[in-house]
Amino acid sequence: MFLSRNHSQSRRRARLWWIVCAWACAGSLVSAHGSGPTSAREAWELASQLRVEEAHRWFAAAVETGQESAREVRFGKAATLLTLQPKTEANLREAERLLAEIAAFRPADDLAVEAALLHARIPHYHCLVPDRAEALRRYEAVREQFAGNPLAELAAPRIALLRIFGPGPDEAKRAVLEELEGWAEGLTDPVARREFERVLGEGWLTVFRDDVRALPHFVKMCELGVVRRPARLDLFLRTAEMARASGQQEVARDFYARFLEGSARDNRARLVRDRLAEAGVSVPAAGEGER
Amino acid sequence: MKVRVTREGVFNTIGVGLLVLCFVVALARVMFRAQRESDPGLVTLRFAHWQLEGGVRDAMDVLSREYEQLRAAEGVRVRVEQMAVPERVYPNWVITQLVGGTEPDLIQLGMGTSDERIARYFEPLTRLVDEPNAFNRGTPLEGRRWRETFIDGLESPLSYNPALLEYYGIPLSLHTIRIFYNVPLYRKIAGETPTPTDYNQFLQLCRRVREYGEANRRALVPVAGSKYNAPYLMGALYGSQTQRLMLESDRAHQLRTDDSIRGLAYLDGRWDFDHPAVRSGLALMREVAREMQPGFLQVAREDATVQFVQGRSLMIATGSWDASSFRVQADFEIGVFELPLPTREHPVYGQFVLGPVSEAGTGTGLTFGLTRNSANREEAIRFLQYLGSLPASRRFAEVSGWLPAVVGVDLPPQVRPFQPLTDGYPPGFNIATPATLEAMRAYDRHFYLLLQGADASAFVEAMKRDYPGAVLQDLWASDRGRLRAVQRNDTTAAALSQIGRASRDAEHERKQAELTESQFGLELGIEQARWRLEQLGHPPARP
Amino acid sequence: MARIRVSPRKALHEWKLYLFIVPSLAMIVVFSYYPALSAMFHSFFDWTGGDNKQFIGAANFRRLLSDGVLWQSFVTIGILVVANIFKMVPSIALAVLVHRVKSDKWQYWYRVFLVIPMIVPGLVTLFIWKFFFDPTSGLLNAVLDVTGFKSVLIAFDRDLLGWGVFQEGVPIPWLGDPRLIIPSLILWGFPWIGAVGVLIYLAGLQSIGTEVYEAADIDGANALQKFWYVEFPLIMTQVRINLILLVIGTLQGFGLQLLLLGNSGGPGGAGMVPGLWMFNKAFLVGEFGYACAIGILLFVFILGLTFINNKYVRVDK
């Protein structure tokens, strides 16, 4: 091509095409680096690791080809649509449609319940302009339609959250809290029950600053158990403080002690030891580098 | 047809040929990730970080060589290469390496390593940290789970990723803030007087520095200040005055406060700039500002360092990370003492003080993650375990002058003064923190007013004007951050639930339990903050 | 010059020659046009810079309208643009002086001395000026003290300004008082002689034929009149180009403010300029979408000013 002008045009073109083809092949080879998931399980693993795009691609393709369990792949497509970037209203509407379909399946199974819960979370947390009233309605529908399913009990804390911290005068919230307290015993799933107690406790504390009414809920949370150590220690400490403020010194001492057991490197430990000393309990200091 | 070869044509062909050749070579390198030529029996490990401080690089070098010898004694030939990348370009470098597939085996986490990148390119270490570290055999830490051998229990965000619910990083160090001083100059000024242990003694020392400077016609400033260094001392002093106020503002019974609680407490009127504790804190800051050189606000970190190492100031407040740099740059002995905060007995400032401030809960750093594409995974893990062991931590502290992140290390004398002092009380809150960007900007903009005039009134008036709006913006930003986390967690939770349904796996059950707990915590935080803002007559989110 | 029409067939006859511009064009598209188009696209999103983005329509642009800091920064940059226009004068004056040097050898050496400082990286110059402004050890305060000019400033402040920033025995906080920030930014770069500018004007002056000067001499023009009626009009093309580049550079620039004042624009935010605010929003606060919207607004401003410049700064041919 770049030799003498007498060289034939066809040979020049041929050389040029070789160069272009080599370039294109190289590009496609480089971009073909890496492979995607080959099963729903792998796609879910990717979704759990925030690799939503790859997971979504698999689920979307699986929906088209009718692979594996159709409802599960549609659920996967919907769940990944919620966090696929960029986030658009069209994606959210498509996710809503898919989830509503799955949730309508009868006889209701766990997948239907999960879909219904996720369906409620769209207006709650995913829409650009949240629609809490609609979210509340959907959570309540989950609770009614799937009564008896432990998974559906996860709607209860969300209902409590929206009703306690939603619009309305504070005095009306008292009645709401008292009504919701009646639901607690009916919750069989320990996680749902724990979070439900958490919301009620925070409700009494935040809205009414009522340590006495809040304390039993926090005590119940401690009984049910908190997984992460920092959150667990915080819970013990808060329960102890509430008990102290409510005049329940025994309860306070117990939870202060539980806090101290795990708090060697917490900067509140000395304050807690002071509290215990006030209550007549002496606890030696621990940890490095004491003054 | 006869081809007429001209000189120009030949050169052109050569040019094109060279271009194509270079392209093919580059392509081959990218496609096949060309490895450095090496002895097939030699395992090459590479680790990268951005800590260019001399002491740290030397320490990492020493540890690398010792590890090589250790493994050589076991019959394995290992070569460890350190890649120290300047901080400014580190994020871009890391991203390029990860995406290009040429990343080293171990990478320092914290810059350029978002949650998505960590999930994609780094290997979780959860199972590893739940087992004892073999390199702790024969030490007091033998048999303990590896994560329990770290000062923070591996709970710092770089170690345990709350979005991914896995451990990804092993830290090697942590830092505390101290006052560094010029020992020979101190002896000339104060003789054998012990270094200050409280605020009054500190002020007396500053006065003596000035007197010495005047008597010897020497331009001497007690404390080298800069917009980087001054906040360490001033912030601590201010925080000593808001300890009790912090407890009073804490309606959630947590015995501590965070940015959101502080912001809401301000909007709620539980504290303001006229509160006696706040005014006291501002007065303290004004007092100590007088001990710094005029115009310190416009001066950068390097200028304050030069001022100190050239002997034009007796003291400087900064973190333990600067210790090794000072020792290299200064031609005098460097001493260290704790920040001189007012005690409860102080006649003026003591009334607001709860007690000495605890440094327990200081976060760890110099955290390394293991990359998924590591060609020598087992060896890299072994090296990471070595770095995070008691013997290696001791060596690290000796050479770098930095605090180690592992508990129970017998600290060398030059590092002991930096050891966190854990027996104390929670610190009070500051007006702004680096996480509250708008409040920080308002504070930065008006800070100069604090140093002018007879008192802090001008600063207070300016802050009363701008602070509420800034706090609101920060609360909205925090709300948006929590919202994004909740949105992301919904997909993760759905995924974990489906995986758990297919196979009952303890690992997934643990993650699911942690995620559910974390998710509810976030949702509660969002709803509470929004409710509180609405109660106070503010929009719950940016309109 | 008459326009020559070329048929498409003729234009594409040597089509392979167009391949030579493909690499350059590709790079311009990738590194110049793509980022600009990407910024336009992302200005309609709530974008945190990574993979998190949500479409929010014109919300970022609505927010711009009520952003007091942004509009105040435009006032600041307006002052700096006007000041920078005046700062073009020394370069033009020096170019004229060098041009009028009769000895070719000395003209050559003047040009060499002018160019040598160009090898110093701009960042170094900024750091040196930062040192100049240091209140305790900076050169500026030292010079003012030694020359006695500080007393003039003190009197000026006391009798006219009433600021209280110039006081006896107190180092002047050039970057530590909001009232001195803009004067400091204007003072930066004194004596405001840019080597590139001088060389551009000099090239323009040297293209003026000697017969023009002879005609001026015959008409009895003095040195100043020669400049005003001969030289200045004939270098208007260069002046106009420099003006456009200066306006664009000043409006977009924020490196000076970032280095001298930090990312909040210094005390009182007095040095906040649109570019710095955009940087703040993108890299500190993480609101990349909003930063892109600021960028689009800045682009519109620059386009408007360039249009005005083209329309009203005429080159008299």
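Letters A, B and C mark the chains as written, and numbering starts fresh at 1 in each.
Criterion: contacts are C-beta pairs under 8 Å (C-beta built on N, C-alpha and C of every residue); 3 or more make two chains touch, one makes a residue touch a chain.
These numbers come from a predicted model, not from an experiment.
> Taking each chain's centre as the average of its Cα atoms, which is closest to the average over all protein Cα atoms shown?
Here the chain at the core of the arrangement is B.
> Taking each chain's centre as the mean of its CA atoms, which one is most distant from chain C?
For chain C, the chain whose C-alpha mean is farthest off is A.
> Between chain B and chain C, what is the gap in Å from one C-alpha centre to the other?
Each chain reduced to its C-alpha mean, chain B and chain C end up 37 Å apart.
> Quick one: report the Å distance separating chain A from chain B, using the average Cα coordinate of each chain.
Roughly 27 Å separates the two chain centres.
> Which whole number of Å gives the spacing of the CA centres of chain A and chain C?
The mean C-alpha positions of chain A and chain C differ by 50 Å.
> Note the residues in chain C that touch 2 or more other chains, in rising order.
Where chain C meets two or more other chains at a single residue, that happens at 51-52.
> For chain B, which residues are shared contacts with two or more other chains?
Counting only residues that touch two or more other chains, chain B contributes 116.
> Mind pulling the chain A residues that touch 2 or more other chains?
87
> For the complex, which residues does chain B have touching chain A?
Those residues of chain B that touch chain A are 1-6, 9-10, 12-13, 16, 20, 23, 27, 30-31, 101, 115-116, 119-120, 151-153, 155, 163-164, 251-256, 354-361, 407, 419-427, 483, 486-488, 490-492, 494-499, 501-502, 510-511, 513-514, 516-518, 520-521, 523-524, 527-528, 530-532, 534.
> For a test of understanding, state which residues of chain A touch chain B in their complex under the given definition.
2-4, 6-8, 19, 22-23, 26, 29-30, 33, 40-41, 44-45, 47-52, 55, 72, 75-76, 79-80, 82-83, 87, 110, 114, 118, 121, 125-126, 157-158, 161-162, 165-167, 191, 195, 198-199, 202, 205-207, 209, 211, 226-231, 234, 237-238, 241-242, 245, 264-272, 285, 287-291
> Spell out the part of chain B that touches chain C in their complex, as residue ranges.
Its residues touching chain C are 114, 116, 219, 227, 293-295, 297-300, 303, 437-438, 440-441, 444-448, 477, 480, 484, 542.
> Sort out for me which residues of chain A touch chain C in the complex.
1, 12, 16, 85-89, 128
> Within their complex, state which residues of chain C touch chain A.
16, 19, 45, 51-56
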